[in-house]
Amino acid sequence: MSFGIGSEFRMTVFGESHGRCIGVVVEGCPPGLEIGVDDIQWELDRRKPGREATSSRKERDLVRIESGLTNNRTNGGPIMMMISNEDTDSSWYDRNRMVPRPSHADYTAFVKYGGFNDWRGGGFFSGRITAGMVMGGAIAKKLLSRRGVKIIAHLVQVGDVRAKGEIPDAELEAKARESPIWCADKEVSALMSEELEKAKSENDSLGGTVECRVLGLPVGVGEPIFDSVESVISHGIFSIPAVKGIEFGGGFGLSSKRGSEANDEFAIEGGRIVTQSNNSGGILGGITNGMPIVLRVAFKPTPSIGKKQRSVDISTMKKKEIRVEGRHDPCIAVRAVPVVEAMVATCLADLMIRVHKIGRVEGKI
Amino acid sequence: MSFGIGSEFRMTVFGESHGRCIGVVVEGCPPGLEIGVDDIQWELDRRKPGREATSSRKERDLVRIESGLTNNRTNGGPIMMMISNEDTDSSWYDRNRMVPRPSHADYTAFVKYGGFNDWRGGGFFSGRITAGMVMGGAIAKKLLSRRGVKIIAHLVQVGDVRAKGEIPDAELEAKARESPIWCADKEVSALMSEELEKAKSENDSLGGTVECRVLGLPVGVGEPIFDSVESVISHGIFSIPAVKGIEFGGGFGLSSKRGSEANDEFAIEGGRIVTQSNNSGGILGGITNGMPIVLRVAFKPTPSIGKKQRSVDISTMKKKEIRVEGRHDPCIAVRAVPVVEAMVATCLADLMIRVHKIGRVEGKI
Amino acid sequence: MSFGIGSEFRMTVFGESHGRCIGVVVEGCPPGLEIGVDDIQWELDRRKPGREATSSRKERDLVRIESGLTNNRTNGGPIMMMISNEDTDSSWYDRNRMVPRPSHADYTAFVKYGGFNDWRGGGFFSGRITAGMVMGGAIAKKLLSRRGVKIIAHLVQVGDVRAKGEIPDAELEAKARESPIWCADKEVSALMSEELEKAKSENDSLGGTVECRVLGLPVGVGEPIFDSVESVISHGIFSIPAVKGIEFGGGFGLSSKRGSEANDEFAIEGGRIVTQSNNSGGILGGITNGMPIVLRVAFKPTPSIGKKQRSVDISTMKKKEIRVEGRHDPCIAVRAVPVVEAMVATCLADLMIRVHKIGRVEGKI
Amino acid sequence: MSFGIGSEFRMTVFGESHGRCIGVVVEGCPPGLEIGVDDIQWELDRRKPGREATSSRKERDLVRIESGLTNNRTNGGPIMMMISNEDTDSSWYDRNRMVPRPSHADYTAFVKYGGFNDWRGGGFFSGRITAGMVMGGAIAKKLLSRRGVKIIAHLVQVGDVRAKGEIPDAELEAKARESPIWCADKEVSALMSEELEKAKSENDSLGGTVECRVLGLPVGVGEPIFDSVESVISHGIFSIPAVKGIEFGGGFGLSSKRGSEANDEFAIEGGRIVTQSNNSGGILGGITNGMPIVLRVAFKPTPSIGKKQRSVDISTMKKKEIRVEGRHDPCIAVRAVPVVEAMVATCLADLMIRVHKIGRVEGKI
């Protein structure tokens, strides 16, 4: 088991896709942070189904904050937030319980939990669990924003459609928000939408890539060796369903580079040390270097597709074909954009709090 | 701080590049496992400098097992192992202490530790710390091998030279061991060696990619949501210096695929459930599905190169050029091959132990 | 922060005394355990106010199980349970917010949380938070009962009234349940009730001691050095408000004994190894030895009393007298009996699950 | 397994009584702390055998600091320290391997570790493991002393001999150090020594009680609910072999008190808030209140005694008498005095570092 993440700032999710609710408990938020329901609802609405290119499941996803606030400020205690499940229909799942959907958790969950797992809508393996991550991440984002830290994710690839050029950091957020699918390039966004429609109409789905940038972090965040910034963030990111890859800065592209090309040379700018390129993605030795963190996350195509697929019936151990019904997103990466932000925020809030508090002890170097 | 990793099987590393030693404490190894010094030494020798295409630092790296064994078997207590540092020369570092090497941890460590970090050879940020990981991983590998689990890493890319075709699982280990740089394709291995020589002769370095496959894992390992197999392994892998990306199964390639191409359909083979492709890399919903785990790790080029680079003097906050001397590997990915194996083994040993022991409680599904 | 306890079986509490609710998330319960609302409600009712010798706050405390069960069985996911707060009156607290009650957390919480703590009814420092512990513990108790483990707490001291003689293990549960205050000796129970009435009528309160016995544990539970059974249980027990001492087996009495008196000699009984006395309280080297665990917990008197007491006004830093109003238990130890059981159960469930799963590796001793 | 303790300041011990060494790895010490070998050695010498009223095992216990320091200051990395075992004689243990000593871990370790445990001298269950705790604690003590925190333990009971009166905080350390057995009352110290000699001459042993006071802590340390100061300290203390009880402030004595007697009323003294009594032992709601922490720890008598005792032979499952040979302390509590200090220091260093660093976020109460 492990439904919680974080050491000093910790989030624990609960709920199932077709159960009563989805929720989260956030521990470790410093006291005095002003939080409104709107702060949470705004983020939840970004990942809600029913938007363009998403599942047609109708969920209002209205957050209830049940603890942790006194007079709209964090009181030092755990913040419990939850939303109800309203629009569930388990009939298809009941009929197909013994036939695992290809590339889904149905089969592995059945074995691991001895058949007692909640098969309806994938139980807690459903993408719906990410609503909990988004609620928790909203607290982290608010906390970090008070420290001048901004976290912006955007869609850079859907199937074969890729973003072109580099959007400057300062324009990224505004541009991404103009797009219903968080693609910061208007033209590419339109192409992606077409691609999504096409896949959907063919009962198929698409993979995609989300990029996330973090601006405004101080130098010195990260706890090497084993809680490097990359370690902690990747741990969180791979908890998002359907993620199959992550890279920081130059990432896999660095495998084919030479040191003389890849190294980020130092310079002084405005009285502080910067690097002239950012192949390191803002992280050196697992510690932030003051440059933007840049990371990219690969999502596999939604495994639930309307096409016929080969599977097996676990109860008879015989072959059985399956055609997944229900309302599924044609591309997980689209709705995952706010989820990536939430998870990066959560991981960084934890690392920020863990920076040595009683600090340097004495003397001079 | 975080020099330990793992929950029930835990490894804690210690030591600095130019300090007295490098070592590790391994906790949680089940009692009764037969361990010989050779089991550890064999793995250490694989990552030792002085082999082809590696640093010329001369270290014997003879392991001493200081606790945890009684009559050559694990006794349930922590296993402490260490090697001495012998061939250190700190003079270059002493002279350049205030001039951080580009793309190294020198600068971030200086800020984070208030200048008290060990600057000599990078202190605990040195690749030498991976000797501790290898010693700890050797215990994990031995433990897993007793459960029928095999972990094989090999070099698939150095600069622009890439492995071609797919080596079958059954041949991989033997073929990789034939190559001095763990590249399982003889021809490609020779090309990589040339590329490495060339970069070295030009005072430059190269990035590379290591692939790792895990064979023989049972279904059901992994602790979702937050301790998915991918989360736990990526956490460990990003603790290896110079790693900038990781992907599982189809990885980033899945971003441009459709669900109908990417999904791994189920079939029955020899009485057990298998998948007909392995784009999932052996993991569904964060849980092993009985197929091989396949992952790839991207390493940036060694940042220490003999070419002149721009940096700054931290004490004067003025520009300063730097030319790194010392004995450095032309490509970190080469010596990282056994390190990747060690870290994957350590993470999986922990997850194997965490599989619910008291298991299914009662009744039938 | 730390609102969660446990490594593989973990419980995270949330809520405030005068907030909307009190609740708990339980992670790590093995799948397939049958749980009814009644299992939880029965335990909650035992600690509910309004019983003899308790606060007159009227709370129905009806549990809602919001996640983690499918068809009344644990499904491997987190179990979220909550109760609403209904009968709250914060007016006294609002008026006295700046005057900390002696021996309460008011003052330390004010400083630690910068004044943002929830002052109404003590916020999450209230004894009401133990309702979360009891709900979580009910799951642990059910799980342990399926393994043949029984956990029975009873009241052995209230003020100067002490239980006499030793109740045999087999009779303890039945006898304790006959008493409205869980004192297994009928006569003593009556004396305690008198003592409680007297203190209450004098606007005063009383301390008390709870004993807990655990029957049916196998040999080998406990994770030394640092997660000894005593370490883990005491960690949990000291999280219950008002606890100031704990002892196992002979406890403080052993300080004045000789080894020859205190040692528990071994014998064979019914084919298994037992000890002829139980000064060790069922634990040797931090590991269960198959004998009953016996522990005693000291509770300080309820600090909220109706008598005038000296305090200070934090906002003016001047002396100020205080007379606590509101509905308070005359002796915390009484309602703490089911809480002690819950916490011991939670800690032991965690340790039971952590017993090495892949066990002894090979060979013979 | 669990050979490590602490979250942000963590100590991991290793070694066996008759193995090659005993050692510790300390993680999380802030960088820049000046540490000399003498700081560690001084503490080690206090617990060394060979002093009055202790085992006659001859160990020099010379500490080697193997990592974590650069120019005698902490460098932010893990500090590994170790001592060698020199004067071991395993012959008695080899002969009696199958006959567990009463009230020792021999039996439970045999079962838990499947017979693979190190039986010689108790393996890692030996009191010798506390040398690791003392080395680790020495770092914590040094760190805390730089923050003005002082930790003083002293012997208050040996068998039936009890300390009388209350030694003022200011005199405690000096007085305790005058006594070879750390009893701060000269007269009582002499009586205790007599008692110890008598027990020893009769091949018997004695229990004892150690009190520990912590002076100079700020208000606000401790992480409720579950990492209250009492929870964290008791967790550590019960990891010391032979501890069977712990109490804070008024402790078990509070069970027989009324609230009006037990409550610590607030007052203002020198501009800061104090309490007029200290039945809370410096802790309210699990958080330090600025008054001295006071705790008492009960040690059972050394179980290894020279008298004949009844046991069983595990291999034959038949009764067998045993008479423990070897060199054992007549009273564990004596040498445990510096161990209690070390463990309290370690736990408090962790809690001090965990105090919310980014603290109060904004605004006013």
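Letters A, B, C and D mark the chains as written, and numbering starts fresh at 1 in each.
Basically, a contact is a pair of C-beta atoms (placed from the backbone, for glycine too) under 8 Å apart; a residue touches a chain by one contact, two chains touch by 3 or more.
For clarity, every value in this text was computed on a predicted model and none was experimentally measured.
Trainee: Based on the averaged CA atom positions, which chain is farthest from subunit B?
Mentor: Relative to subunit B, the chain with the farthest C-alpha centre is C.
Trainee: Pick the pair with more C-beta contacts: C-D or B-C?
Mentor: C-D
Trainee: Distance between subunit C and subunit D based on Cα centroids, please, to the nearest Å.
Mentor: Taking the mean C-alpha position of each chain, the two centres sit 26 Å apart.
Trainee: I'd like the Å distance between the centres of subunit A and subunit C, where a centre is the mean of that chain's Cα atoms.
Mentor: Subunit A and subunit C have C-alpha centres separated by 38 Å.
Trainee: Could you state the distance in Å from the CA-based centre of subunit B to that of subunit C?
Mentor: About 45 Å, centre to centre.
Trainee: Could you list which residues of subunit C touch at least two other chains?
Mentor: In subunit C, 1-4, 8, 13, 31-32, 73-74, 109, 112-114, 116, 124, 355-356, 359-360, 365 touch at least two other chains.
Trainee: Residues of subunit D touching subunit B in their complex?
Mentor: 1-4, 8, 10, 12-16, 19-21, 23, 25, 27-28, 31-32, 66-68, 70, 73-80, 82, 109, 112-114, 116-118, 120, 123-124
Trainee: Give the list of subunit C residues in touch with subunit B in this complex.
Mentor: Counting only subunit C, the residues touching subunit B are 7-8, 30-34, 73-74, 143, 146-147, 352-363, 365.
Trainee: If we count contacts the way the header does, which residues on subunit B are in touch with subunit A in the complex?
Mentor: Contact set of subunit B toward subunit A: 1-5, 13, 100, 102-105, 107-109, 111-116, 124-125, 129, 157, 159-160, 199, 204-209, 219-220, 222-228, 230-232, 234-236, 238-239, 241, 243-252, 254-268, 271, 273, 275-276, 279-281, 284-289, 298-305, 307, 309-312, 314, 317-319, 333, 355-356, 359-360, 364-365.
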